[in-house]
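Below you'll find the structures, each written out as structure tokens.
Two complexes follow with chain A in common, the first pairing it with chain B and the second with chain C.
Up next is the complex of A and B:
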């Protein structure tokens, strides 16, 4: 009994020492997670795990954390690379003021939101339809594989390909439009009223397979019992879809939408290759606007401010979607 | 002076010897060959001098950043010869126009010294000089130990030379002439009946004649004109000569904006009307697509930079060999309108190899290198080359450039020019591609340019 008390006291002292360590919360989190899965990890093993993680943490800090902090500093200055960078000034929130009062910034913001909402909604609708087809009568593995090709192509390559497909003189789409007398054979990328929809179509072509992939995985992991019960009750297919499939699939849907929303909000490469933000400002999404300010006008301070704004908006969207997702999990 | 006279005498004797003793072929071949042989002789002198003065820099590597243009192709092709004689290795990095500035400014602002020679647009002179990013060249030019006695900077067109001086000091050596004027396909003009009494193609002299010619030539799949309509520097460069053709200006000598004058409005309306006869998608075109359009006989005429003369005569690609003719932009004032868009080679302040870089820059802009590069991409900047009769016969654009260069129009060289381009490109593209009202677009341009000039302290 005495020996046991001494051991317990030693353990308590060790815990007290650990509490003052900066890694204490991390250790507790790792311990809780591993114990939940039935693993018991010793202190030595934990240290080894942390040592293995350290390079990744350092890289993340260098390419993620440091630029974010540096961006914050830049946004408080008036640095322009085309002027002598040795004579910059701290200007506080002046860049934020300029940003929020700029009609061109808000135009870009609106175009970005429109692009994001339309592209993701269409990708989701098409993706779900295709996923349902693949879980139904068409279970071809070959089709599932080739369907992934657009998704694995580099966005720049996709952009270049569609640049020529849309070309007013050589492109197959304007040629087809001319043949059927549609839109006067106009080049889609050269007309402000059509260009954004043309770019959205390219994004839908490339990323619908991503939606299909995630939704298909979700559909194939749904339990069979509710469907059997519905069959017994002679429920219609629409009722099965709306009352059983969709509710059970909601968490997967939210994750798929969250991932696509983040990506669509910061789209750049396709826009750069296809239209560079034109015609006029018809496709000038926020990332293009930021690029112009930073690398065509070299106003890196304003560009940094815009980048931070984009970060905050994306974070807000992620928090909202994640909140909905976790609420679903708690009530479900 | 005596050495210059000796060199010229050597050249003349070579020409005379070649004419006397080279077997007679066609008249054209012999005369061009004469000039090229003479050029090679004087070029050999240059190389021998370079080999001597570059001895302390043997084994050095210098890096040039330049635009993806035909003159850069020629420089890269010929640079091996420079390396062979000097031991200075040259890496020529080519970038598209917007990326050229991006990369250069990253290097200059950080002081990393990556680039030793910078081929920059003359309109960037004020920006780079005021920021302290490029060094003045007068001390270099006045040093006989590093400046070739026969370099002869007076041979450059005065406008090209002054384009990269700032507050009286030279900062760049003219490298790429790049004058924008009209390219006409004379065969199309003749087929359309746009000829004079002798049956020769009759090119327009006023904007009204210009538009009338475009309409007459317009017969898809051949389009009346090309247009550099993309939201890009190209649309601004194409618009400026049209503005000048209507006797308009961006601002006056006191920096009061005059763009939204009657002349400005007429010019934008004219530009919009002209664009209706361009191929579909021309609002996504820059000078590259217009070059292809002319070369592949998709468009009958267009405004374009003279450095693309080679593409029109390229036997491996062009469908219009021997058909292109060149002339000033038709104007309401009777003045010969053209637009200078040339570039010069600068030495960055951050370069740690300024002398080898300067030797290379001299070589690249020397008469012999520019002459030997004619037809291979070079777009010479020296008057004496454009005066050579056989070259004027072989390349009709040389006549147009020689006439245009002394009077060509400049775009602003102030540091705020990029901000003005951003505004103008957006609004002009909106007029062409988004049916924006020309008056409304002009109002926005004028207001924003006025704001830029006021905030920068010009007024």
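Up next is the complex of A and C:
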């Protein structure tokens, strides 16, 4: 009797030792990770942290994850609100096939890419030039607010303002062009070849101040020491700019460009108000095309597919953005 | 020769400021012109002011209702986003939880999500649940971009609060919740203010969700204005007045927090 007890006990304790010795390194690893931050996580503290975090995670799951999954499901179906009588069925990748073979999709994709690249490049170049001139001079609240206003205006309102300015009969720009003899004074939004450039100009107007403010903040936070050293070495202004200023600004530049790239990719409001896709699809960016497909032609499954495509692109750029943002935090 | 450079610089600055002011200044001017003045060519710069358009905005049409809807939705969604997001930001800033990096990327990507991705599912589900055209729907849907934004920005503010303060408080016997409410929160007040105002701005200006998900009862301002362009293109006076009124509250807010806006707009990367 005593012997079996002892054997049982030995077996039980052997199992326990197994369990502990497997968990032990895991526990040490968790402890090390949490102590790194200076705060030791006890069970109650972990519960507290999760309790604070949970409502946000729930809301984000409903509002962020659920639509993406639903879009995924939609893209595998043939739901078309305009043809409510067709029987519902799963069509797998057929929507994706239709999407990737559609010339209209690729047209929109190309236009979006063109818009994105040109707008961001122009905004960056102009923004940098203006920021360099403005360095140290933009102190007053009033001037800062003036530079902020284009960015904080609703894109719809900006679109409206420029719709009026670009108007062929009463707009001030065609009138000015007519006076000067440029471009024959035609309404920029009505001509397919210039409509996209006119729309890009609107975006440049609205978002160059963003570049200016970011680059200005970056420029004004650069350390003085390298510049003093360059002065001692009698370096030319161009060399100072390219070898000192630009490299030190690199993280700020990257963040500004990535943020603008994502926003330019998503653009919708301005296009909707200015041209609604433009004279013969000249300004039909991806958001506009998806909107048209989903809510004007009611082909929601194709629209879901297209928006999933957009989501993937944005996700990719987001991962890049996150890397740059955390890199900056670690060194900044 | 050297004396010309300051003159060049200041005239460059003036030109740049003029370019960035002109389009909306022109709209504001237009809102004060009589219909006759609006349609004269060449455009008039000097004219007698005419306030009827502003009166029209409030008396005719349903813009008063749109203003109200915008105000309701914006207040509620900002309040909710800040209320839910602030504790989450504190939690992410202070506690070393496993998977934090993945949660952070996830939150960032929700902030950057193209609204069109969320609109289609929300529209279909809301239609089935019969909650289209309600304030509550918009308030929830706007948290799509407001909540991640709040979390992201406030997290960097919380990380700036010195750890020693909280550790001293622990030694003094404060509970975790008191540390959060009595020490950490007051210290991030500027962050709270700028995040609140930026949320107000983003929600006030939002167009796509409001356009698709509301129609008459809960329609906010941006879709209401866009209709003016597509159906009644010639009411420029009223459009100008409405545009001015829509932008004015935002400009006033901005004037007071413009110091913190750069940090907010660049997701905390640049502490302008």
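As a convention for this text, the second predicted complex is superposed on the first by the 260 of 332 C-alpha atoms of A that agree within 3 Å, B and C clash if a C-alpha of one lies under 4 Å from a C-alpha of the other, contacts with A are read in each partner's own complex, and residues count from 1 in each chain.
The rule is simple: a contact is a pair of C-beta atoms (placed from the backbone, for glycine too) under 8 Å apart; a residue touches a chain by one contact, two chains touch by 3 or more.
Here the structure is a predicted model, which is why all the values come from computation and not from measurement.
Peer 1: Now for A:114: first (chain B), second (chain C), both, or neither, which partner does it touch?
Peer 2: After superposing on A, A:114 lies clear of both chain B and chain C.
Peer 1: Just chain B (first), just chain C (second), both, or neither: which does A:169 touch?
Peer 2: both
Peer 1: A:201 in the overlay: touching chain B, chain C, both, or neither? Say first, second, both or neither.
Peer 2: In the superposition, A:201 touches no partner, neither chain B nor chain C.
Peer 1: May I ask you to name which of chain B and chain C touches more residues of chain A?
Peer 2: When the residues of chain A touched by each partner are counted, C comes out ahead.
Peer 1: Should A:277 be classified as contacting the first partner (chain B), the second (chain C), both, or neither?
Peer 2: Touch status of A:277: first partner only.
Peer 1: After the superposition on A, what does A:83 contact: first (chain B), second (chain C), both or neither?
Peer 2: In the superposition, A:83 touches chain B alone.
Peer 1: Of the partners chain B and chain C, which touch A:230 in the superposed model: first, second, both, neither?
Peer 2: neither
Peer 1: Which partner does A:297 reach: the first (chain B), the second (chain C), both, or neither?
Peer 2: A:297 sits against chain B, while chain C stays out of touch.
Peer 1: When the two structures are overlaid on chain A, which partner does A:269 contact: first (chain B), second (chain C), both, or neither?
Peer 2: second
Peer 1: Check whether A:193 is in contact with chain B, with chain C, with both or with neither, and answer first, second, both or neither.
Peer 2: In the superposed model, A:193 contacts chain B only, not chain C.
Peer 1: Which positions of chain A sit in both the chain B and the chain C interface?
Peer 2: 169, 276, 295
Peer 1: Which positions of chain A touch chain C when the two form their complex?
Peer 2: Contact set of chain A toward chain C: 30, 33-34, 36-39, 41, 45-46, 48-50, 52-53, 55-57, 59-60, 62-64, 66-68, 70-71, 74, 130, 133-134, 137, 141, 143-165, 169-170, 172, 175, 205, 208-210, 213-214, 216-218, 221, 251-252, 255-256, 259, 262, 265-266, 268-269, 272-273, 276, 287, 290-291, 294-295, 300, 303-304, 307-308, 310-311, 314-315, 317-319, 321-322, 324-325, 328-329, 332.
Peer 1: Name, in rising order, each residue of chain C that touches chain A in their complex.
Peer 2: Chain C residues touching chain A: 9, 12-13, 16-17, 19-21, 23-24, 26-27, 30, 38-39, 41-43, 84-85, 87-88, 90-92, 94-98, 103-110, 112-125, 140-141, 143-144, 147-148, 151, 156, 163, 167, 176-177, 180, 201, 204-205, 207-208, 212, 221-222, 225-226, 228-230, 236, 239-240, 243, 246-247, 250-251, 254-255, 258-259, 261-262, 265-272.
Peer 1: In the complex of these two chains, what residues of chain A are touching chain B?
Peer 2: Contact set of chain A toward chain B: 81-85, 166-169, 171, 174, 185-187, 189-193, 275-282, 292, 295-298.
Peer 1: Quick one: which bits of chain B touch chain A in the complex? Just the residue numbers, please.
Peer 2: Residue list for chain B touching chain A: 98, 101-102, 105-106, 109, 127, 130-132, 229-232, 279-284, 298, 415, 418-419, 422, 426, 429-430, 432-436.
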